[in-house]
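Residue numbering begins at 1 within each chain, and the chains themselves are lettered A, B, C, D and E in the order written.
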Amino acid sequence: MSDYVLEAQGLSKGFRGFMAVQGVDLNVENGSIHALIGPNGAGKTTCFNLLTKFLQPSAGRIAFEGQDITQLSPAGVARRGMVRSFQISAVFGHMTALENVRIALARARGGNFDFWRGERVLIRFNDRALALLDDVGLSDSAGVPAVALSYGRKRALEIATTLALEPRLMLLDEPTAGMTEADVGRIVALIRKIRAGRTILMVEHNLSVVSGLSDRITVLARGRVLAEGDYASVSANEAVVTAYLGTDHQDV
Amino acid sequence: ASFPLTRARAAGKSLKIAVISDFSGPYRDDGGPTSVACVKQAVADFGAKQKGYDVTVLKGDHQNKPDVGVGLARQFYDQGVDLVIDVPNTAVALAIQGVAHDKNRAFIDSGAAGSSLTGKFCNAQSIHWTYDTYMLAQSTGGAMVKAGGKTWFFITANYAFGHLLHDQTAAVVKQHGGKVLGNVNYPFPQTTDFSSFLIQAQSSGAQVLGLANAGADTVNSVKQAHQFGLNKKMKIAGLLVFLNDVHGMGLEIAQDLILTESFYWNLNDRTRAFTKRVLPRTPNNYPSMGQAGCYSGTLHFLKTVHEMNNMKAAANGAELVAAMKKMPTDDDAFGKAYIRADGRFMCDAFLFRVKKPGESKIPWDYYTLLETTPAAKAFMPMAIEGCPLVKA
Amino acid sequence: MLGFTRAQSAGFVLMVAILLAAPFVAYPIFLMQVMCYALFAMGANLLMGYIGLLSLGQAAFFGMGGYVGGYAVQSLHLTPELGVVLGGLTGAAIGVVFGWLAIRRQTIYFAMITLALAQFVNFFAVQDTGFTGGENGMQNIPRGKLFGMVALGPDLHLYAFTLVIFLAGFLFAHRVIHSPFGQVVKAIRENESRAISLGYKVDQYKWIIFIIAAFLAGIAGALNALVTKIVTLTDVGNVTSAIVVLMVLVGGIGTVFGPLIGAAIVIAMQYYLASFSDWVTVIQGVIFIACVLLFRRGVVGEFAAKLKLSL
Amino acid sequence: MSDASMLNVRGLNAWYDESHVLHGMDFEVREGECVTLLGRNGAGKSTTLKAIMGLVPKRAGSVMFRGRELIAARPDVAGRAGIGFCPEDRGIFAGLSVEENLMLPPVVAPGGMSVADIHTLFPNLAERAKSAGTKLSGGEQQMLAIARILRTGAKLLLLDEPTEGLAPVIVQQIGRMIGEIKRRGFTVLLVEQNFHFASRMADRHYLVEHGQVVDMIPNHELPTRADSLHRRLGI
Amino acid sequence: MMMIFGKPAPLLFGQLLLGIINGSFYAMLSLGLAIIFGLLRVINFAHGALFMVGAFVTWGLLHYLGIDYWVALFAAPLIVGAFGLLLERGLIRFTYKLDILYGLLLTFGLALVLEGLFTNGFGSSGVSYNGPDILSGTLDLGFMFLPVYRGFVIVAAALVCFAVWFTIERTRLGALLRAATENPSLVQAFGVNVPRLVALTFAGGVALAGFAGVLAAPLYSVNPNMGSDLINTVFAVVVIGGMGSIGGAILTGFGLGVIQGFTEVFYPPASSVVVFAVMAIVLLARPAGLFGKAA
């Protein structure tokens, strides 16, 4: 088996003649935290959508753990162990935090169509669900409907839900977007904590998060890969500075 | 057992008649309030009060839904209604005819066209008044071929009623030596534009355009035929047209249309007298044949009950209807007629031509009589109808 | 019990008590029709209330269930319970096909696809005079003998039969909602993409609900054929599709007892408005408008909101 | 900088359906100033801007704009009175071209920037005038959202997180742009998450917590008031 | 005679033309629906009923006031539009914040009320209305005789459709409308009185139905159900074209008229169901309709 959990070659996607992603190669090393950065509209979210099959690529192929997943359905991709979060926070609003996590656990433990059984069979997932909520610091909110949680806590809940699937590869789309710096710190700590035993691919604009967490960075611009490497090499790259970081990024 | 809603009859002779009809939909003008008026007129003409009867007239809107019709009829019968009358729309009529049988109460259909009412679905409790598809076909089809309309093109509403009308008329046309050059089955309902079919009719070169449809469809077909100038080259035969439809088209457009009705208000002194009596009850709508049938049917029902002079027997639908069949009918709307064993009311069929605007002298003066087909020839012989009552 | 809340259990007991007593004070045929339509509406309620899909073609399942059920009893001389089962299976079978086509679409597009597909069934029903009887419909359907033994002719016998099927359907629908499956369906309604990203095959869940709704509609149609002894084009028509939506709304979308109450109100309206004759359509229209402007949550919904209960 | 009060908000309350979000906001913006509202997520910053415009379902209190009470006015009245609003989500219209987006808001008073001026300030917008609004990159969309309220002659601009989710390089551009419009005499009420950015733009900062103003810090006092900032914002 | 698929060529040319004429009614009605849906997110089930009202108003103007066709051509849409304004202010606006379903239901109820009232007032067989004399008679086109009035309908409909399309896609007013479709509260914050704009738009859409009603009065039976017969097809047109798409509604309207026209020659019984077949196919292939934006 190769060192790469995820290998994408020549990934492309056009929307009515406009190429949002064009010939992107992306290799994510096993056990690493890999960041995808780039200006707005560079195609980062689109890449995520392609990798998780929420969009069908116009060209290219994707392999996860050495197996071709280019033709899989989004649910199929998730079932293989590659799970995403969303740029806009995505929780099941009118279900409690506990129920949110339980839904994911139920899927991980077989996923079922048994409409003839009572809800109570779900109770057996409670312990594990509470443990996961505890991991992300939400143990006191288990019974709270997700809509009532603050923004930062919603993101944490989303991560707990994702973790419930025990994914081998997690794709996080701007996990800290729109958060206060205190919340950002909490999420960064959480990501550090959960990285053990899994690989993480994330899109992020917050450079301190990127520099602090990521082992490797791919910079996208106008749908193409502009540069790749660790933070030091990428931030020194002339092209990256003009296209993304700007000259005075140090003090932002 | 469920609530025994037996009729708590007062000592007096009380009778209940329910008009089940379309009061809010497309057949309202062919039945509806005018039918109720005609029924009430019959009660008055019979002299119910003077003869000591307490007659109540009820009404119900079947909304063209058979299950609503069934529900209504059941409820009416359970409330002690002795006669349900009118019911345009063959599907609803058939359903109610079944209820009448189950409840053993009398039913007179005047508004529906299907000849199957006295065919395989006939029963001892039901009478079909006024007209049916076979009679329309005989009169319009037969008389027109005789008058020289040898080649026909049909525009047919694509449902059982349209097919029946088409098939029966086509058969009559052929039987009289005519020829059918073509037919289109158009979707019913949902068709408002007939121009395509009219063009096809025109290019067939037929002499007669037969419209096997009813109501707004017929109005639309005639109106549009007029626009395309079809009426200049072909005769147009409306296989089921009521006076109200002609009124809705206006004479400018309807002129020269050929059609059959078994009643026309301006036919003779008796029909005029009847119309004069009933008009105050129905100010905006002259009765057409279906509504006149309600008058005639109600009157005959009342006369029969009176004749039987036994309210208990009269409450038995089969007995009552049998008595109605025995007694010949006579009234101002249809003159002398009778009811056949299968429940078919036997009246003459009149072939009319619609007047030109200049010919019409008074309001609603629309028809010129062309031919009369006697009842015996107009209606389907019992032998081929397949009514179980007759075989038995 | 059965996942009922306490208020729902009380409601259920009350409902059963009322339905047991009802035929002795009210008109049995009316009550049976109410139960048929309530079954039908329960299916539609699953679609509308729990996955948020509005179908404008439910009559296709109801009507075809009725035709097949009626045909089975009338022409094949099968027993009534088999007729009802066949009706349900017919509904489900059509539901499998229609659902497969429609389920990928949302909102108004879903509504329109279901409308279009139902139009084909309607077209078939109008055409085929041999099987469906065209616009004359299927008339004089016998009620037959239950399991070949108990004659259903007497209204009370048929009433008992209808009640049993209705209650079974009611509990079944309730179980579906409160099952692990139902939880996933709820999650899908809340956030579809997220459910997909967790690995749920969302389309299959929707499809199953769709088929269940069609199955219930088919059962209801066949039962209704036995009750009214007729099946006609109205049963497959758009008006019937609209009426079942109205029932769900009047009763209260997404409520447990809404379909029954909605069906009772709408059927009663058809029965009792009929004597207003000329004004039937106007009054119906006014009721629609009033529902939207004044009782948006439906009768049960408004009532439950007042009492702060889930019913 | 004059001392005339442009916007004076007193005891502003706002509700979304049942939830009470603003609990008596008090603050003031003077003519020519740039003032920020700082606060954690959900503190009610965006809601404050929306409440000023009248875009919340229910509000109470007082919103005086240039001596005129707006608390009972419809949003279009606030717009006509001369308040320009740039929402959190930018609100670029997908069905309109860039040019149509730019020309959409009606001119409400003389003294707005001309289209030519705007095109010099944002050359990108001139280049892409004909393409659909949402085909622009995030940064360009943000520029367009600000540019179109500069045209109308509105004197007070409400900007809600103009830098959110933007690449650093774009953030710098936006920063320069806000500096430029300040120079041109516009008054700005800015909601920001990005504290460093805010500190370079603003004259004064209001700290918002649970729908109330809890502190006000003039920009030059920032270094000495770090404790308050830390306590309130975790910075 | 030249034959195409077993049918004489002139007949087919004729059908093409007739299809376009029918299509112009679809186009005008679906245009109004598309505008109303686009801005108000209301699926106006009362559209057919308002079309019917337009035809009755035309008849009423002549019958009671002696006002002839040419005046009615302008007056009737105005009257129907004004009526629409009342409906919007009095009823429809209360559904804006609700699920789309409620607007649909309310307008469905409205349609029932209107049809019921007109049935009670004027009966079900309808009233007679003849078009203006100058437009009576037929034109010989070589392959068919075209009633002059139908020719007039094509021209009038095409002009109105173009004018509406132009207003919406090419003018500032149109830009405001389109923007308000996407984000009404923001447009209002810019200083535009959106509620008034919305009310006027509804009135405008309804006036289009009224205009179609005037054009239809001399052509079809003027009866209370004339609108409900058409409305299903018109909805299909809007959906096929892509909900809310103006150009889509117009092009699909004409296109579907033609498809239906040909079906009427080759297999008449299917001519109503063909619309739904097209709709099913289009929606399966293109979820948002032919010209709709992907949701």
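FYI, contacts are C-beta pairs under 8 Å (C-beta built on N, C-alpha and C of every residue); 3 or more make two chains touch, one makes a residue touch a chain.
Note that this is a predicted model, so its numbers are computed, not measured.
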item	value
Shortest walk length in steps over touching chains, chain B through to chain C	1
Chain of greatest Cα-centre distance to chain D	B
Distance-maximising chain from chain E - centres being C-alpha averages	A
Geometric centre distance via CA averages, chain D-chain A, whole Å	31
Length of the line joining the C-alpha centres of chain A and chain E, rounded to whole Å	48
Distance from chain D to chain B - Cα centre to Cα centre, in angstrom	75
Junction residues of chain C, two or more chains touched	127, 278-282
Touching two or more other chains - residue numbers and ranges from chain E	116, 119-120, 232, 269-270, 273
Per-residue multi-chain contacts in chain D, two or more chains	none
Every chain pair meeting the contact rule	A-C, A-D, B-C, B-E, C-E, D-E
Residues of chain E defined as touching chain C within the complex	43, 91, 94-95, 98, 100-102, 105-106, 108-117, 119-120, 232, 235-236, 239, 243, 269-270, 273, 276-277, 279-280, 283-284, 287-289, 295
Chain B residues touching chain E - in the complex, by the definition given at the top	22, 24-30, 32, 158, 184-187, 189-193, 195-197, 199-200, 203, 215-216, 219-220, 223-224, 227-229, 242, 244-245, 247-250, 252-253, 284-285
Residue numbers on chain C that touch chain E, as the complex places them	54, 101, 104-109, 112-113, 115-117, 119-120, 123, 127, 238, 242, 245-246, 249, 278-289, 291-293, 296
Interface residues, chain E side, partner chain D - complex	172, 175-176, 178-179, 181-183, 185-195, 293
Touch list for chain C against partner chain B, complex	23-25, 27-30, 33, 126-127, 129, 133-137, 139-140, 154-156, 224, 228-230, 232-235, 239, 270-271, 273-282
